[in-house]
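Here chain A shows up in two complexes: once beside chain B, once beside chain C.
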Partner chain A sequence: MKRKVAIVGFGQTEMVARSPKTKMELANQAVRRAMDDAQITIKDVDEVVIADIEFFHGSGESEMQLADCVGHYMKPVMKIETGGTVSGSACISAVHHIAAGACDVSLVSATGVFPAPPPDVIPRGAFLQASLSAGMHPVWEKWCSVGAIGLFALMANAYVRLSGCTEETVAKCRAKAARNATRNPYAHLRGIMTVEDVLKSPMLMAPLRHLHMCPITEGSAALIFASEERAEKITKNPVWVKDVVSLHGAQYWGALHEMFAPKERVALPSLVKACDILYKRNGITNPAKELDVVEIYEPCTWAELVFMENMRLCEPNEAWKLADRGATEIDGELPINPSGGVTCTNPGMPSTMLRFGEVALQIRGDAGEHQVPREVRLGLATGFGGTGWTPLMLLSKYK
Partner chain B sequence: MANRVAIVSIAQVNYKEKLAYAPEELAYEAIKPVLEETGLGFGPAYEKGGIDASLQCHEHSRIMRPFSGCQLLEAVGANLRPDEKVDQDGALGVYEAVWQIASGDFETVLVVSECHDSVNRHAGNAIENLVFDPFYHRPLGLDNCNTAALQATRYMHQYGVTREQCAKVAAKNLKNAKSNPLALVSGDFTVEDILASGFVAYPITKMETRPFADGACAMLLANEERAKKLTRKAVWIKGLANCCDGYFIGDRDLAESKALVVAAKKAYQMAGITDVRKEMDLAEVTDEFSYQELMEYEGLGFCQKGGGGKLLDSEETRLSGRLPVNPSGGALSGCAHTNIGMARIFEVVLQLRGEAGDRQVEGAKIGLAHLAAGPCGQLQQVMILGTEP
Partner chain C sequence: MSRSKSQGQYEVPPSHMITSVFMEYPMGLFMGKFMRELKENARLVGMVCRQCGHTMFPPQALCSVCYGENFQDPQWVEVGPEATVAGLMEIKMPWLNPWTLTLRASQYPVGILMVDAPGRSPGVIWHFIAETDVSKLRVGMRVKAVFKPREEREGLMEDILYWAPVGE
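Up next, the complex of A and B:
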């Protein structure tokens, strides 16, 4: 990158199942909170990047609609639309703009609202899974795909077979996420959850249970990035973007055979490769030791375990043992998802940005009750979406 | 610009209906010539030497598919490679690619825009209606065309521009399109022909709107070092800017485009242009509706506020004039929705390379490509291109 870039502000709304606010109101609230966090006004913002998947909201050209409430009135705007990765892609776009000198302060906004038919017509979960399947290959996959649940059940099956992971461990891991979420005032599912609760929750598609899967959340988030010179003027604690990597994968789920029908280890190819590239570029040889905090986009609890292995935080097929002995707890040797993660809060569009923002809060030491109890210098956040894509952001306390 | 970026290879398919093509097939029709011309391939991610990254552009709301970023993935060579999707016109994809390269992250970026108007031909205005506010504006049945009609009426009323002058824009552009092999509609039409073609929404007639089309456009952008190795006819990005106006059309004075004035000023400053009327050799502007071209003359500073009609009457903007506008025939000669702005860049590149055939503007060295998107041109983008960096 030609110029250094830092995160100077982060804001999010309270995440809930059904928000009484409109998409515009939610977006505005998160943007105002991000600006309050950075102690700047919209006059200091040079441009806006919008992350959205309008299919879920049933609107068109939302960058036009959001002009007045996100604040790109008479400012440049870019709209990125990929998949669940979208707010990660938009943050990377903002980093590129600042590094290239196009602007000094860039605001990224992402909002998730999921209108659906009334629950007695069709439950929202099923409705959303059906609309996810609409993105599959029209001939081969659309008719048999079952959204995220079916795909992750395939993955979980393969993981059980290859690693010997027990259901109790996965439940323990889910309870860890719930415990972290109770400390995060913005998280959606904030109830205490015991191992028994998870084990008793309904089976969606074996071995995937209801509580293993992320909820449908409504809410908004905003991140503000700034150039080196501006960042140092805006805040005493800029969080530096050390590196960004973004990889898309093949168009169809069928191409992800390493994830759904692996022989030796379950792997999300884009995550494995993106981490290899990022670690190599930044001289990280032992990520588990060198990273102080990791935020993983885990659409289900099983994915957290698989993705830990893919990120080389442990040996293949070993992640569940690490989780079982509590290493990934907030005060463990390798804290993972102190925010509570995606299984506790998944507003879709802002989900990847919530991972980036959480790592920034942790590095600043501003995470409050869910602050990792150690000095956090280097953190890595991942995103997930589409047909197995990965954006990564490596954040650091030091330039 | 400090970090120079150039367009090194371009290709575009014609605008005829292509219902038999899948989106990725159509996109590949445009991508293939770029791969052949440059001899580049898709290597491992973040290894230099080939095409470093790709950028897809198509408007999701037009195809109603979730995570539409997967639509062209394989055609743009994005399997396990850096790739993004801009949910706007291809011109914004080019804008994004310029900054990606200027940031130093990538050396070459492939931008691909694809759009099948034919699949949503009968639902176009229902889709456009979703752009508007659900409480006050959607029930009025607003779409791109009837809001454009509101703007045209306001503009004509404010500055005394006549329907004949708007029709003359269409006559000029359709005449230019005669030598554009991509064009869907072209020919020598009189102002009377245009005005008699039937109203779409008063005062806009059928020939004063863009004919729907299916199309794809691909461009390869590169940094200075790679551009000089890849081609002898690189076209350089000298200045670029975009700007977004307010959402509620009732909040805006539709007789002028404030956002365009802001974008143009910024782009001219970047490109070091002090007097656009003297320095610009040609311009390709968005003419989805004929009156837009006249408003854009004003916003771009080709004439004073309200002087668009007079500038057109002075014949300065025709092909043989001092500042030819839309030598390609513009969107009025046919263009797919999300290619409107990118097709303008495409024509400017052709002209600056001296490859525009019978419609070549002699000695063109610096050109302007403009995009207006959204209701009444809410989003405006200006790009200045030149034969020298």
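Up next, the complex of A and C:
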């Protein structure tokens, strides 16, 4: 990057199943919290980047509706729409703007609100899975409308077959996420969950159970990025963006053979390649040792395990053994998702940004009860979305 | 909702909007031919990329692997009707038929299928498998497309009724 860029502010709303607030009100709350965190006002912000998937809200041109609440009146604004990765794409875009010298302070806002038919007309989960399928080819794949659950059931199925991962380990891993979320005041599902609870939860598509899958969450998040000069004036604790990578998959989900119909190991090809690029560019040879904390976008518990392997945090088909012996716990040798992750909180649009923001909090030492009990110098956050896209952000305490 | 009350706000019912409109999507030149063959002849057709031999199923002008152009003289091939099961979804949750926005009654599992094709890669499709007892299904088993009768086919993926296991 031509100029150094840092995170100087992060804000999020309390995440809930259904918020009484509008999308604009939620967006505003997160933006104000991010500005409070950075101790700046909207006057200090040069540009706004909005991350949105508009059809989930059933309205278009959200940059118009959001103008007053996010605060881009008489400011440059751009909106990005890239599916589940959207807030990752928006953050990476903001980083590029600053690195290229186009501006010095960039505010990124993402809000998830999911209007739906009354639950007695169409169940909310089924409606959202069909909505997710709206991104698919209208003729070829959309008709099936199994959404993310179908895809991850395929993946989980393959993972069990190839790795020998047990249901108990997955349940343990889910219970770990729940335990972490109880320490995160913003998380959506904040109840203790036992291995028993997970094992008894209803099967959606074997081997994927209800509690393995992320919830439908409403809420908003905002991140503020600044150039080196401005970041050092704004805060004593800037979190430096060491590197970003963003890679896309093919058009059809069916094209992701390595993820849904693998022969030896389950792989999300964009994640494998993005990590290769990022590690090489930053001289990371042993990511499991060199990274102090990792926030993975895991739409289901199974994905946390598969993505760990794809990120080379362990050998292929071995992640479940690592998780089984507690290595990924908040005080383990490689803490993964101390925030509770996506399986505890998934507001969709802000979810990738929450991963980036949570790593920033860990590096600053501001994660409160879910702070990793060690010095956090280097952290990696991932995003995930259609069609098998990966945005990555490597964050560091030191320039 | 106790949260909102404690903030001095009152719970009010949400507004309602009824949005039931028929949408017409263009089928496109290449998918159009696929659908015509499916509807009229119960035949599955795809394309093999002239540049790299990748099977494009559904057919399209640009290869997703090498970005080779196949607008001129596309290499049409018949694929299937047999396929190998590569993965299974045993659906136990409520799910929607997006054409009608009603809950599906189907008990059929959905499989990800590697369809026999002459290119260097198989065609990939997901579709129903005729066997509802999933304990009888396994990855690697062979299935064959079963089509609806001509008068019931309407140019949708559901014109394929399901894929039935073939004897081993």
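Here is the rule we go by: the second predicted complex is superposed on the first by the 398 of 399 C-alpha atoms of A that agree within 3 Å, B and C clash if a C-alpha of one lies under 4 Å from a C-alpha of the other, contacts with A are read in each partner's own complex, and residues count from 1 in each chain.
In this section, a residue touches a chain if its C-beta (ideal position, glycine included) is under 8 Å from a C-beta of that chain, and two chains touch if they have at least 3 such contacts.
Everything quoted here is computed from the prediction, not taken from an experiment.
Applying the stated clash criterion after superposition on chain A shows that chain B and chain C can sit side by side. When both complexes are overlaid on chain A, the residue A:385 reaches chain B alone and has no touch with chain C. In the superposed model, A:251 lies in contact with both chain B and chain C.
In the superposed model, more residues of chain A are touched by B than by the other of chain B and chain C. Within the superposed three-chain model, A:192 lies out of touch with both chain B and chain C [touch as defined at top]. Using the contact criterion defined above for the overlaid structures, shared-chain residue A:83 touches chain B, although it does not reach chain C.
Looking at the shared chain after the overlay, A:150 reaches chain C, while chain B stays out of its contact range. Contact with both chain B and chain C is seen for A:58 once the two complexes are overlaid on the shared chain. Residue contacts after overlaying the shared chain place A:17 against neither chain B nor chain C.
Least inter-chain distance for chain B and chain C in the combined superposition, rounded to the nearest angstrom, is 5, based on C-alpha atoms. Of the residues of chain A, those at positions 58, 134, 250-252, 255 touch chain B in one of the two structures and chain C in the other.
Those residues of chain A that touch chain B in the complex are listed here as 1-3, 48, 52-56, 58-61, 63-68, 72-84, 89, 92-93, 95-97, 99-102, 131-132, 134-135, 244-252, 255, 269-270, 273-274, 277, 281, 385-387, 389. The touching residues of chain A, counted against chain C in their complex, run 14, 16, 20, 58, 115, 122-123, 125-127, 129-130, 133-134, 137-147, 149-150, 153-154, 157-158, 161, 202-206, 250-252, 254-255, 257, 260-261. For chain C in complex with chain A, the touching residues are 1, 3-4, 9, 11, 14, 17, 19, 25, 27, 31, 35, 58, 60, 64-65, 86-99, 101, 103, 110, 112, 114, 124-127, 134, 139, 156-158. Contacts from chain B toward chain A in the complex involve residues 2-3, 24, 45-46, 59-61, 64-71, 73-74, 78-88, 92, 95-96, 98-105, 127-131, 133, 241-248, 258-259, 262, 373-375, 378-379.
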